Every structure is written in C-alpha cells, then in structure tokens.
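A, B, C and D are the chain letters, set down in written order, and residue numbers restart from 1 in every chain.
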Amino acid sequence: MTPFENIYRPAIMKIAETRDEAPGVRTLRLEFQDPADLQRFRESYRTGMFGLYGVYGEGESTFCVASPETRNDYVECTFRRSGRVTTALASAEKGDLVTFRGPYGNRFPIEEFHGKNLLFIAGGIALPPTRSVIWSCLDQRDRFGKVTIVYGARTVADLVYKEELEEWGRREDVELVLTVDPGGESPDWKHRVGFVPSVLEEAAPSAGNCVAVLCGPPIMIKFTLASLKKLGFEEENVYTTLENRMKCGIGKCGRCNVGSVYICKEGPVFTAAEVAAMPPGEL
Amino acid sequence: MSEPFEPKIVAFVCTYCTYAGADLAGTSRLKYPSNVRIVRLPCTGRISPMFILKALQKGADGVLVSGCHPGDCHFDHGNYHARRRWTVFNSLLQFAGVPEERVRFSWISAAEGRKFAELISEITEDIRRIGPFEQYHALIAETGSPAPL
Amino acid sequence: MSLQEHYRSQARELLAAGAVKMVVGYAEGTTPERRRPVFITEPEECSRLVLDARCRTNLAGYLLREGLLSDGREIAVYLSTEGVRTINILAAESQLSSAQVRILGFEIDRDEVKAMEGKRAADFSEAILAHKERRKKQAPDELAAKLEAMNAAERFTFWQGEFSRCIKCYACRQACPMCWCRRCVVDNNQPQWVNTSSHTLGNLEWNLVRAFHLAGRCVECGNCGRACPVDIPLHLLNRKMTGEVLEAFDHYPGMDEHQEPALASFRKDDPETFIL
Amino acid sequence: MATLLYLESLSDCFASWRKEGLTVLAPVGEGALSGFREVERAEEANFDLLITRTTLKELFFPRTEPMLGYRIGKREIETEEFMPPVEGRIIFGARACDSAAMAIDDALFDWDYHDEYWFRRRESSVVFTIACREPDEFCMCTSLGLSPDSAKGSDVLLRPLEAGNGWQVEPVTDRGHKALSSIEQHLREGSGATAAPAEVPVKFDLEACRSWLANKENFESPFWREISERCIGCGSCTYLCPTCHCFDIQDEGDTYQGIRRKNWDSCSFQLFTMHTSGHNPRATQGARWRQRIMHKFNYYGGKFDVDSCTGCGRCTRECPVDMGVTETLQTIAAKQKQSERT
C-alpha cells in the first residue's frame, strides 16, 4: 500500500520574529522546521494564496500569507487577536512552535501586471494581502510602471506595517497616500484625513493601463469600487480578495462558498467583475 | 507488579473558607493524603458544574466541591445559590450512574482545618476502596486521547 | 362547532381586526399522521389551521425568532398547558412580554382535544396549579423506575449505551423552547468546557449539560424527545430534574410570569442532606 | 441461468469472509436504533428494514475521527498520525440509495486533494447492495434518476428472489468479483425468479428544479424564507443524509497533549459560517436552507456533474418539523413549470 498521505497534516513552524503592528494586531514570521515542507512551500507559493495557521490544542485559523512570493523562505502573517486561535497565536513568543497548512487557493496574476501601472488600495487590517503583492512587485520594480499605494485606517494607531509605510513613503518610485478616518488623526499627523474612497478620488490616479488591487472591509470595498468606476477603472482590472470562515482550506468542509464559488479553491483572489457576479446576499 | 492505586482527586474550593481551612490544616501540621489537587475560586457560587465535568474529563477519580457554611458567605449568598445547583447536579450525576462517592460536597470554614484534613482522608479512602473510575476512563480512552508526556 | 373550527374563526377575526399580526398554529403534514407548525398572516389562510390530538409540538419557542416580537405587536399561538407555562418562564426570564402573546389554549386528553379557556398566560393559573398537583403525585414511568432500581455502574452502562448513539445534531436543543441562548455553552470555545466531538464521552457531557441547564425550567413538553432522530430517552433526564426541583424546592416551572427561576433563587432552609 | 445466494448459506458466507480476516457488517436493529454493525451470523442482520436510521456514510466518514495526536514539549511538538482502519470489510445489505451516495461523495473527497480518510476505507470495503422490494411514502430515488436496484456505488448487487429465500447475485466491480470468489462454494447456479423491484413514484421533475435553481433571480426569492419558516436549525437532516459531508476540524485536549479531529458539521447551524467578527454571510435559516438545496442540486452538479442527493428520503422522514428536500423540490418544480407556462 502507498504511504499514508494526510492532507490535514500541518507543517511545524518556529516563530522567528514577532512584531506588534497596532493594538491587537501582530505579525509573525514563521520558519519551516522540516526542509521538505520548506521545499514544497517554495515550489507552490504565489502571492495571493492563504494558509491555515494553528496552535495545537486551540485549532487553526485562516489568513493570507502576508509575505511576497519573492521572499519565499519564510511565511509571514498578520492578524488581529479575536478568537481562540488568534489569541493563542498572539500570546506565542519568538522560538515557540506553531503550525501552518498551505499555501492554498489561487493567486494574483502578477505576470499580467507587467508593463502596467499599479494602484494598491487597502483599509485597516486588510493591508497584509495587499502588502504581499506590493513587495512582489517592488522586488522586481522595473517590470512595472507607476506604483501608487492608498492606505487608510481608522486611527493612526491602527495603521499596520508602520516601518514599511515609512520606507514606501521615502521611495521615489512609489507614490504613497496615507489617510485616517476623521477624528483618528494624531496631533503630528502629516498625511490626509478622510475615508479611503474620497481620498482616492482626490488623488485621482489615471485608469489608463492600470490595474488596481483593493482589499478592505466589505463596506470600504463597496464605496471604493464606486470611486474606481468614477475614475474610469474597468471591473476586470480591479482585483480583490475575499475571506470566509474556513476549516479545511481545500474545498471539502463545505462552508466558505459564496454561491457556487469556493473561496478556498477558486479564490481568495477575484476580479471585481467576478465578485459582482456572486450573489450579494452571501457576501 | 502494578503500582498501587493512588486516587486523583480535584477539589474546587472557595478562597474565603475552605481554602483558608486547608491552609490552617497545613500550618497546624495536620496530616492528610496528598491525592487532592486544589483549585481555588472566589466563591462556591462561581463553581459551575462544568468544572466537575472537566475534572472527570481529565481523568479525575473523584471531585470535592467545598465552601463556606450557609450564612458565612463572603458575598452574602453565593453558597445558597451553589447549594441549589449542587442539589440538582448531584441528583443528575447519580441518575447518570456516577457513584455518589466520586463527587462530594462539603462546608468547611476557615477555622475547620481539622475537618478539612479528616474529610480529605475520608474521601481519599472511599475512592481508594472503590478504585479508579474505570467506566469514565474507558470513555476517555475511547476518544484516543494520548497519555500525558 | 368543533374546537378546530372555533379557533380557525377566532384566528381569522384576530387577523382581520389587526389584533394580532400572525397566528402560529398547526397545519397538515406530509402524511396523514403528521402535523406541522404553520405561520399564518392572512385571514383567508386560516382554513389551513388544524387542531387535533396529533398537535403535540410546543410552539412557544417560535415566538423567540429574532425580531419577531420587537415591533410590540401581538401574536396568537396555539398552546397547551405546557406551552402556557413556557410563556410564563420566557416572560420571567425576560425573553418576551406575555402581553404580546394571545393564547389559543387547548389540552390533549388521550385522543381528544379540549379547549382551555383564557387569552393571556395569566388566565391559565388554575389549570397550571392542577398540573402541579398531578405532577407531585405522578409515579416515575417504567423505565425510570427500572433505572432507579439499578446500581450506579448499571445506570452508567445504560446511559453509555444510549449516548453512544447520539450524533450531536442538536435537534434536542433546537427543538427546546427553553434553549434560547444566543450562543450555547457548547459553542463557546474560550474555554471549551465540554467536548464538541460526538464520541460517547462528548455525548455524555453534552446531554448532562443540557439536562442541567433545563433543571427547574423544563415544562416536560416532549419537544426534545420527539426531535431526537436516534430516540435517546431524553425525557428521563428532564423528568428526573423536574422531580428533584419539585421535591427539594417545591418549584414547578412556569406557574406565573413572576416566578423566580429555581436556580437563580434560594431559601435559607433549602435541604442539604448530601452536603458533608 | 444466474448465480444465486440462498439465505440459508449466508452465515457460511459470513464465516468464510471472517476466516479471511474480513469484518462483516450488516443492517441490524429496528427503527431509531438501526444501523450497520458487525455481525457474525445472518440471523443477527435485519434485512426486512426498509432503510437504516443512520446511513452507510458513517462507515466511511465517522461522526468524529481522530486525525492527529499531538504532544507539546518545551521545544518540540510530537505528532502521531491516526490512520483510518484499513482491514477489509464486507458491508452486506446496503440499500441502493446509500451505496450510490458513496460514489457521489468520492468526487468531493478527491477534488484536487485526495482525502485518504475517506478513500482508504472505500478501498478496503466491499458493498453488497440489496435491491428494495417495497418503498415507503418518503422514498424518492427515482426522482433523482436512480432506482431501487441501481448498482451505483455498489460492488455487488443482490436482487431478492420472489420466494424471499435468497438473492440473485450480480457482481459490479472487481472488488465485488473477488469477494464473491471467496464464497464460491456457497453460491448456486439456478433460475429462481427475482422479485420485481419496488415501484417508487417520481415525486418531482428534477430538470425543472435544476432550471429554477440555475436562474440567478431565484436566489433572493422570498420562497426560501417561506419554505424554511418552521426550520429549527438542527442538524438531523444533514447528519442523517447519506451524501452530506461537511465537517469541522476541532482540537480536543489542552496545551500539552490532545487530538485534532474531523467532526461532522452542518450547514443548518448558525455558527457554521459565522465569522469571528460576528458577521454571518448566511445569517438566516432561509439562507441556510437555500445553501443546502443549492449545494445539492446546483453547485455540486456544476462541479462534479452529479447531484448530491440519492432520494433516500431520510431528511423528510426524520425532520422534527416535517420539512425536507422532497417538498422543497416539489414546490420548486411547480414554480418552474408555472414560469414556463407564462
């Protein structure tokens, strides 16, 4: 008989680094303990894919791989402490062992972005999936045209990846537009104040030869899509990611589908046109 | 030769009376068996029947729940509420076939170090006599749960 | 006029006059033996309402559907004595206002259905009192008596066999009008007190927790037992708890809407013979 | 001439298989207590049962299954893999609807990722299906394009003899052939008349249902709320369904040791899709019932070219509030017919 292959078996990961991003939000850098697991990850990981991060005794939780495909010898994830698993992950320390199952799902078609201008839009805790694409593109900067990043959070404290935001802000080949919701600014805040859709409209990036990557809470997505439409973006050129509750991550446990579309297998990356075709009542 | 059976007993006690009673037993150098693991809670009113089920789930052979005498509750009436709950849960456990020796309830005040020591000895002996809670342990084993490292 | 006709026309009048926004009752089911819950909002649909000795389901739980009573309007509902007691308990537990519940009372006596006079839960206190007196004298059923006669190990084995069949579909919980928690204790996972898996241990834990949470609240309507797809004798556990609470605290759940819940109240002289 | 197996030699067949180290399972018990359990002798089995209360799927996809045991030390995690049992099994006396369900679920458990918890059991089991002679009022296999003597998912099909003393034997798969060769000495060649299979009336037009469900406009139809108004949100229809396969993954244990398990879960449950944030994409029972119907009769077919229902009727038979797939599809078919007319 062939050796038993357990599709539910996770890889054991060591926490190489922890970083507190914002209140309740933390980033972990995880390193594979088994070289075979690392090898598999290197071969299969592409930006946009997700994984199930776990702590034995607590369970597994799904979020995107926040690190880019151009840096594939580790896995980074950023999450908000909210349920049982994220609470356990948040209290884990450097050197602790956790688990990772994946990478699963589809990817951003980055080759199709070659030669185009890129517009990244993210809100709050949804920067991680966008960040994965941003670095994947910045790591091969000369293949792309103009890069614009519009990122907003409720308050200054809620902005994640603060160091990277600074780095992107310093770069000449990136246009960074930061904003916080009205009332969320600190006395020394030098950037914009306002909601992402209106800030985006003010910044008015050209839709010509441009693809947009948009990640955020549903309400932000809804209004930002309207703004993008005003700016002349076609739905086929706007990419986003969807999230749903998952248990298996591989199309078997039966809960993440939106209509007939399984987020875990056919997603999490979709164009706005694909999302528009989904039944709105299930999103 | 197998090891002689040492009962595993979990005691859920309130911090104001029974825990203080246990403390007194200790400082008075009263001898009692070391089979009891004490879990200290603010009041018997906080001791949910879930705790008892959890102890059994983790393989306890016996459980003791103990707090202040009626009228002595630090929070005035937590133990009166607990008493009603115990009445009902005790009856349920017995109806489900959990022998009454396995789950006991008592009032032990901060001054009753001797009562604490004697009760622990008595409960431990009772359980030693009836042996490990094999019926429950069989259910635990059936889940495939691995033994502690 | 049969009771069925009488209540049909009452339902029609109530809806037509706008006195109630909905009638919760029984309609014919898939087979001639079956009855099913039905929700009528139009006077002309009232001819679907059925009332006979097959109408066993306690419908009170449907009143707790999210938002149903939030507009303050009244709903008429077919209820037996157990159902009326359920309304009293739910009102005592602040889950609904009995003023919003217009009762179409009935009682099933063997194969006959009889009217119970009254409109509001408070009108049924005599009938409830009579039930309490009858319950006090009620002897345990055959299986319960057999169980009581067993020793602990035998009882454990009996329940082990019963619970091994449980598939954790939670039909008992969902069918119970008393199980109104937004999030059941087994669905809370911080901490996870009892196992969610459907092995015998997890099933035993679930069933004990369920029985305990219904102690002093269960009206013995039988919804749980009828819903159980694997016929676990859940009523034995519930009856045991009801008997215990009645005997120890003279508490019969659902006497009126001001009755304090048995496990949220106490008397200083409550019995405590088992406490060391 | 046909191959016959007489009831009187069935115990000998069981003995032959058992001698080879195979476990023999058969329907036993009555009513709510009925199910497939290990038997030694033919008399223990209850072949008069129309259908067992719990389904064949439990033998392939148990309600709770340990997958990984873990022990956490200071700086290492020890894991132990729980493999499904692989000893050979003869499942004797399944019904066509239950057996067909196994073939339907194969597609899901093989969808890109091969679930060995399912397939190891499938590969080590031989399913003998007995064609039904009598339906009850809930049976509806013929409405799903199956029949009481369908061989789908079976390894051997048995047709009851008119005299009620045995079966005509039809091997379907290689596994079936092999299992039969072990009991060759107990089989007879003969020409006993077989009983006519049960006549199960067609209850709805499946094509019409499919069309209605495929129409996007109907997704938000008030029909979904109306048909499921009395649904109490329990899992009995899904757990008693031979094809329903949704599951949860749960860790049982503590921070030192425990087990990661695969447990049945149900789309009827409110918590099934609830996000940690509290947002629930399927917030109402109507949406959850719609998911169940759409999954079975639209999504599954779209992905695997087969509907996820075999018409066993258990959902209606056992529903505490008298709901079920049958009535829903009957109503849907009628709606479709009506819209085609207008």
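Criterion: a contact is a pair of C-beta atoms (placed from the backbone, for glycine too) under 8 Å apart; a residue touches a chain by one contact, two chains touch by 3 or more.
Remember, it's a predicted structure, so these values are computed and weren't measured experimentally.
Trainee: When contacts are scored as defined above, which chain pair ends up with more C-beta pairs, A-C or C-D?
Mentor: It is C-D, judged by the count of C-beta pairs in contact.
Trainee: Cα centroid separation between subunit A and subunit C, in whole Å?
Mentor: So the centre of subunit A lies 48 Å away from the centre of subunit C.
Trainee: Per the centroid of Cα atoms for each chain, what is the distance between subunit C and subunit D, given in Å?
Mentor: 33
Trainee: From the mean C-alpha coordinate of subunit B to that of subunit D, what's the distance rounded to whole Å?
Mentor: One centre to the other, that is 45 Å.
Trainee: Mind pulling the subunit D residues that touch 2 or more other chains?
Mentor: 70, 72, 248, 250, 252-253, 256, 258
Trainee: Which residues does subunit C have that touch at least 2 chains other than itself?
Mentor: As it turns out, subunit C has residues touching two or more other chains at 195, 197, 199, 202.
Trainee: Could you check subunit B for residues that touch two or more other chains and list them?
Mentor: Each of 143 in subunit B touches at least two other chains.
Trainee: Any two chains that touch count here, so list every such pair.
Mentor: The complete list of chain pairs in contact reads A-C, A-D, B-C, B-D, C-D.
Trainee: Residues of subunit D touching subunit A in their complex?
Mentor: Touch residues, subunit D against subunit A: 67-68, 70, 72, 75-77, 79, 81, 83, 86, 108-109, 111-116, 120, 216, 219-220, 245-251, 253-256, 258, 260, 262, 265, 267, 272-277, 279, 281-282, 287, 291, 294-295, 298-299, 302-303.
Trainee: Residues of subunit B touching subunit C in their complex?
Mentor: 48-50, 53-54, 57, 70-71, 77, 80-81, 83-100, 104-107, 119, 135, 139-140, 142-143
Trainee: For subunit C, which residues count as touching subunit A in their complex?
Mentor: That would be residues 189-190, 192 of subunit C.
Trainee: Please give the residue numbers of subunit C that touch subunit D in the complex, ascending.
Mentor: By the definition above, subunit C touches subunit D via 29-31, 34-39, 57, 61-62, 165, 167-171, 173-175, 183, 187, 195-199, 202, 223, 226-231.
Trainee: Hey, which residues of subunit D end up touching subunit C in the complex?
Mentor: Spelled out, the residues of subunit D in touch with subunit C are 31-33, 53-54, 63-64, 137-138, 229-230, 232-236, 238-240, 248, 250, 252, 261, 263-264, 266, 269, 271, 316, 318, 320-324, 326-327.
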